[in-house]
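The structure is given below, and queries will be raised subsequently.
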């Protein structure tokens, strides 16, 4: 049996040193973080592995936008599956909008001031007004060239038209990193898209992405997963790998619990039964808030790769 | 201030009597259940209110299929927003398949035997083989008549072709209760649909449902919500009501927690800031496992309406 | 493999019928509730089994006082291990005090009005003033007869002096059901006790209870456990059974999760490794709010025993 | 309103730089961590503040022993309130015992091999045998000098007899940092203590500590709290400050949730209503695994004080 080594912290400690201490301890949450850090390091170092990352929950409003963008630039991630909301909020910032810290006001008061709340994050309706104005211009541009499009193609075309190097959607387009969003319609982006299609000849095909996605999966020697929150985005990522017999390795970060059976809290082991993770694959779940845990893990990985 | 009355239980107690005791106590989880029961009762009794129900998490595999079907038959629910998985598992049972209780076997062993696991529920690959065979027949039937269809229309057509009075999809079709599934593609149903569209002229429009849904919302005098689990299905339900300024009343049941900001655990109050629930609306969240809490609430409501 | 039967609810349904439906389904939360109900039924029916119940969390303020008292009267429980708070709040009601439903006021405002908050329950300082006055009389009575006492003996003597048939402490004293409270000092009761001992010759022995408890355990043919919340009260109950090789069967109800390792969320299986539950014992954990789940289970058991 | 700044990570990043980025973002979990770090920094820098730390949950088995010991050596903490288990496991390591990483074996198998499990941590019975042999020697030494003792005095005397500079109990004794353990009896330490008192004239007074503790509180200009897990240890810490009107500032780290009302998951704000935290005090709760979050926070604080 491996011993639990008591961990040490010190002044001027690097993040990777702290995770190294977690690795020496190896139990409870700190052990999970250390193992997830090691797995992510191995995934990035493996040149034959394509890394898929799912973005569920308010990651972009919650401060992880630059990390996602850096990972794309660094080719540490090769394919993204995002909620519609994360795409919407990425674009909102690209168009000059901002997210703000909630001051504990009542939701009815926020409503009266045109402020939407996501946990302790606020977004103003003025920024959504700009978002709407800009996205319509983008839709007009794209629809003038194409009348039927898949969601992934649409997001690629949108990304090319966004002028913000910090936008993950723009960066993904420039790096040719595909972005999928199976639930795109359920977002402000989706709402604008629907309204636009009402009076334009522009069809977004709900199933067409599967063709490109299955080719991408088929051409991947090995597949790794970074599963950040999410029910739909998590499952879509897992299910996409069925063609190759499942993920070769993966980490997930979630505060949801497994017993009630919803996919968001399900342990990654469960995916093995469905061939969405390979038997023998390396999997780790960290129970925690993704805005704490993922920056911690990724910063440690930058020192190790 | 209202007093907390100590609650009493007795032999031969009816469910509605127990909930009545919870109402007298009024605090912690039992208070939440009692308030949710009262809200659901009021929603059903309100003839001017359309009740929308979202189905996230493994509700059909988890035993709630007959309750959903009964609610549709009883016109206690007027519109359903389901995950693709719940539709898949409803059809799997309609085609003679079953769900089984997990016996604690290792996921790699289950995989070797062709058994998929959802928490403590098992499903066999033989039943999915039948599912695939039957759904292709259904797609052939529908595609011979239509070449472009929305998801809601597709689910209506599928429902009409299912011969099982316990199927919620079949019952919804017969009762003309619309069923939406914005993330349908992310399911076995979606996978079969994609493969079918590969060699058939059959397009499923991702945004077309919004037209019918917005008309339904617009024609609703008042809207109530029953939000069972879910990130996407919950949000789609909330967002659909924007046109009318949000839900008039709603209950949700979830084990997810709010602090990390994912929608699945968000308090319903937050929806007020976004005009997805009206200011002044009546809202209650019960923290618990939906397979316990919802049958408990619905059984109590049947005695009160 | 056992099939998951879809569960049915109906008008005028008895609680035990609903739990019977949960038993037919057998999975997720409803399956856990059904199994816990069956275990509790068997524990009560087993004449050779002593049932120990631990009371952690705000059970008495939260409405479960009459259920605990009834269980003692019905001899459905044979030994109680309570937090100091539950004893304090039981006595507070015995002395005419009340608990109230919180109206969402700010904690600083509540403080200004002398109101303490426990989640959504309020307690007023006037009721604590009466509590203090009355408990000092009780201490004076007891200390006039004894100068050194164990916690269990003290609680027995206190119980005899409480004139309220709904008090679980009074009922336990009359029924000679021992009540332990290893963390008694950490409560308003404990604070008053300490202040009383400052100027009275009255010693409460911290370890003396172990003698009586170990005899009780040793004389028990079999031991069952009802573990409601709690870190200390849960562990003390588990550990007390070490002398007999652990619990023979047990149920626990908790919303705490296991991964971080605190005992409150630990699965009962873990107790087997420590010989605090027997190998081969029958154990079930229900994930949920105890004020919902325990009345539900106990009401169903009343129909079955 | 304060803007949410997207956070950046980089190679060779120091822990304090990462927390600085969290501070710039300021929302969700990362915002909570940053605020807790700032509060802890202020608490340590405040020469007029005594910092109380409660140790609930398996902190010592889980790898935090050296951090606790360092904090005592560094005078970053002035008073400790520990569970009996953390004291037991500190001593077990002092006597040469170890904790091991669980390998996923069945609890009945572990039992057969004399191994106890705490989540994913294992402890062997051989190490407990040594623990028992050594603690009896210590009790004999102390009881030869004193016949009646409070828990805090006992732990001080025990600490002086432990020869291990990494032991927090030994370090606390040498640094004259008082250690309280109101639930000490509920641990292997407590079990040995009880057995020792069976045939020795040695009384441990359950309420005597309150005198010393109240003097310590009274002499504290200001009081800060570091609340790591715990129901009893957390509450005892909060309640100890009543004499001074409550804590002046505090942080807590927990994975437990508030709705069911148990103290372990209660928000610190609630303590204001009871005067266990001052109105106007600075309080922050981080939702997470303490073995991840506390080392992260403390490492960042070492760079800032």
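A few points about this structure:
A, B, C and D are the chain letters, set down in written order, and residue numbers restart from 1 in every chain.
The working rule: contacts are C-beta pairs under 8 Å (C-beta built on N, C-alpha and C of every residue); 3 or more make two chains touch, one makes a residue touch a chain.
Since the model is a prediction, treat every value here as computed from it, not as a measurement.
Ranking every chain by how far its Cα centroid lies from the centroid of subunit D, the top place goes to B. Across B-D and B-C, it is B-C that has more C-beta pairs touching. Comparing the contact residues of subunit C and subunit D by number shows a mostly shared set, over half of all numbers used being common to the two copies. In this entry, subunit A maps onto subunit B through a rotation of 180 degrees when their C-alpha atoms are superposed, rounded to the nearest 5. Annotation: 26 Å between the Cα-based centres of subunit C and subunit D. A straight line joining the Cα centres of subunit B and subunit D is 44 Å long. Between subunit B and subunit C the centroid-to-centroid distance comes to 36 Å (mean Cα coordinates, whole Å).
Residue positions of subunit A touching 2 or more other chains, listed in rising order: 28-29, 32, 58, 61-62, 119-121, 255, 257, 259-261, 287, 289-291.
Looking at the complex, you find that subunit B touches subunit D at residues 28-29, 32, 257, 259-261, 287. Here subunit A touches subunit D in the complex through residues 1-16, 18, 21-22, 25-33, 58, 61-67, 70, 93, 98-103, 119-122, 166, 255, 287-293, 295-296, 298-299, 302-303, going by the rule given at the top. If you check the complex, the residues on subunit B that touch subunit A are 56-58, 61-62, 83, 85, 107-108, 110-112, 115-121, 151, 182-186, 190-191, 193-194, 197-198, 203-207, 209-211, 229-232, 235-236, 239, 242, 255-266, 269-275, 279-280, 289-291.
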